[in-house]
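Chain IDs A, B and C follow the sequence of writing; residue 1 opens each chain.
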């Protein structure tokens, strides 16, 4: 087993290096900002003296690598700086919203992952049947739809005057809803996300299985008289795990990072909404913070998928 | 009842679409030369419908000034008119009182055009670097591949937002930012495809013959890499198109008063709660094009994979 | 034989395959009768429909194929009209299948013993525990090492020859009445093949199982089958019991198949002392990473001579070719060309040095750019090295097509996909000739081809050598090919030259023990050959000294 541990350790190290480089890119991005950071904060009316004083205070006169190290140390300790727009601590702004975004992502994932795996396996089992063709065409369509289209169709059908669900999730930020209330209020955003990711995962699951069906060992299983269901589940699925795990991870990552549009449509108080507002206001510390969090989540999920996919491969787990 | 009628409408739309696809395929098979028509015959109805739609979009984009009843930006009537309220404004008017139909038509030109340019740019960058990495190998491959690994570790939309904050929102910036981000995906595919070809004996034979890099790429590798790359172009176009629409919808992409489908959805979004379908129209225009391209790409990929199940 | 009960009767079997939206008949009315405990050999070249018929005996057609006519009667059950569930009940239980590539046909995700017990447990023949015990017993009978333990390995942890035996054991799990062997030893080295053949034959005899043994190798089928059916393009040519068939075939096609290995190159006069060899491999040690694949290799190749480099997979024969062409610079040693040392890396060689040494590849499919017409494929070297253009180039291409016996007008504008396997290989030859070289490396050029086609290629190479004074290095694993074309032989094993010398010496004792093993393992067209060989080896002769090769 030791070579597996080494392999995992290597992946972890690689993930850390990636995060480090990402932080570097995010930091350097700010450095390239046209105009002066202190000027930006104080606005056009500031006197040169106050700008200079602020530069000194922010440490903007230090060399770049010193500032980068300082910035990174702060972030590792949970200090993301202060928002330019309202002076609030970025960590405080992000904290509550991150929880909301994760809630929404889990809600959608809880429906989408099992649903898409089952649909994908069924489509592979009944390939080229009417069910398969229909599922495939619908999946292809819903992948092609912009998220706001799906969202507004759902609002049009299920919300509005006599609809069963609220068309905005803004109430979440006002009160603190209990679990069932949350499920009701967040139903439409979660459903939108579910529709978008289910299609992709289902198609990839089906493709991963069907890719294997022409393998000699599948023909062997058929010639051993095994049933179609057993062939898919026992013979094809274990070998299709790696691509399936990867596509699930990709979509989970998407649920966390790709919610931006959905959050805006439903006025859902999550990270995406915060990011869009901050980009429009060019509130750099907030954008940096959110981008780092998103990138971290993304790297972490891909890393987990990588490790799981490795563990699913007997060639790597059981060496000669 | 509303749900049932909705289903009926959906069924009717699907049947109409398939019928259009069938008509188009029959017509196309009849007028094209033999080699092309033989391939067209293998197209499923979904792909035929997709091809028909793509042609219509292209025509609309080119002929926008001829077919649009009003200008792109002019305020021509009262605000928020429902479709059908006034026969002059077939699709109603938007939040400022501009004609929806005219803006929809002009947006075809703007949004599709910008998405096409962006994809082409991403493609040129990504495939040139990808092919080079695969053929030259060694440190160049390592450098490019590791860079792309890191860039791809940042989620695309977030990366786009970050870069747009840095460089500011304008059409040129947006095109460049999205093209750079998307070229990483193209790079991966182009490199993988070329890698499979580079190990072929005929490439080895050409190298041993003493062929130069240019001829290796243009005569030995590129002709064999075209099919997957063209399919990827379709997929990338959809992705870029959706990203641009999303950015415009968020107010960070194509800026007013230029007509753009994503921005038009945002402008008219409030009308949906009053039961007005206006915001769904530009959204549907986006969806229809991406669905069409995807249908065609799906057919091509299916053919290329040779899966004749 | 015929006094036994009839097990399988196939009458007027027709099978269609789909190509470009059209159904073409690939099996055209074949009859077949098999008695209990009898072994039938199905033989034919590729496209004869042997595998398709074998699978049809299980009531099975591959995707893209369909059984369109005839009857298949297995022990009173009509397999064509039986329900799919009923057919599934027979497969694996009463009719089993052994595939060509065991490495690909075992599921990589499960242990061997779990795959063994799947059929008996699912068909309700045995419990899981019984099946596991049974597996260990059969693994022992199949002469697998460590039968108690080997089943608990994954397929990738077991060698090819062992996997093939494990697969035969798996097919035996339910003690079927009939087993289909689909080229079970084609993918194996000759020395490994012997072990698998003898294990298969033993177990089939022990359980008195009927079998259909599919192969393209006559010598192999002679050892295994009671009777032989020869197929050509989906039709039966003739059928007879094995000895009759071998001694007195009645049909011309069968006679031509039998005669295939008859091509032999006339003995060449000895090389005059002091002649400079065209190519000289001097003290070459080379490898990948820190691993040495080749260790101190030395041999010469003279003009008008063919040197066959022989060895099993992993012996380093293809790596030698890579060193000579300059794709893999050696760690030590050098390659001389007409006495001049060549730069180690092909990128440092001059255009003329590159022109002088050409290569023909094993897989013509991957060696020809599928997007280029023959005009460009063959014309490019002539254009590049000899500066031919326009009319002169076209003339040269036509000339080359003539040389390889393809009609220029008909072929010059074809793509490789519009050619047969043998024709593609001929194009490979023409491309090498176009450079007007002195030396050509032929890397297993006939091993992917049917015997009759391969024969044609060998004759062509011979003719061209005489015409253009070429020196050939002929890489092969097939000793029959060596016999027919070589002047000198270099035997390699694990990166070392074991023995080398003129062909006449090589095929006469005394041999190096490995050469002896290799030579004795080549099946002969004598039905008693395997028995005799096994007896000899048991007595300590015929390569018995080299133990466990290929395991």
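Definition applied: a contact is a pair of C-beta atoms (placed from the backbone, for glycine too) under 8 Å apart; a residue touches a chain by one contact, two chains touch by 3 or more.
As the structure is a computational prediction, the values presented were derived from the model and not from experiment.
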Taking each chain's centre as the mean of its CA atoms, which one is farthest from the centre of subunit A?
C
Which chain pair shares more contacting C-beta pairs: A-B, or A-C?
A-B
Would you kindly tell me how far, in whole Å, the mean C-alpha position of subunit C lies from that of subunit B?
48
Return the distance between the CA-based centres of subunit A and subunit B, expressed in whole Å.
23
Subunit A-subunit C separation of Cα centroids, rounded to whole Å:
51
Among the residues of subunit B, pick out those that touch two or more other chains and give their numbers.
309
Subunit C, residues touching no fewer than two other chains
63
Each of the following residues of subunit A touches two or more other chains, namely 214
Using the touch definition from the top, list the residues of subunit A that touch subunit B in their complex.
18-19, 21-22, 25-26, 29-30, 32-34, 127-128, 137, 140-141, 143-149, 152-153, 155-157, 159-161, 167, 210, 213-214, 253-254, 257-258, 260-261, 264-265, 275-276, 278-280, 282, 284, 287-288, 290-291, 294-295, 298-299, 302
In the complex, subunit B residues that touch subunit A:
3, 6, 46, 149-150, 153-155, 157-159, 161-166, 168, 238, 242, 245-246, 249-252, 262, 265, 269, 272-273, 275, 277, 279-280, 283-284, 286-287, 290-291, 293-295, 298, 307, 309
Sites on subunit C touched by subunit A in the complex:
55, 58, 60, 62-63, 87-93, 96-97, 99, 101, 104-110, 118-119, 122-123, 153-154, 156-157
Along subunit A, where are the residues that touch subunit C in the complex?
214-217, 219-227, 230, 235, 238-239, 314-315, 318-320
In the complex, the residues of subunit C that touch subunit B are 18, 21, 63-64, 325-327, 346, 349, 351, 354, 359, 361, 363, 366-372, 380-381, 384, 431, 435
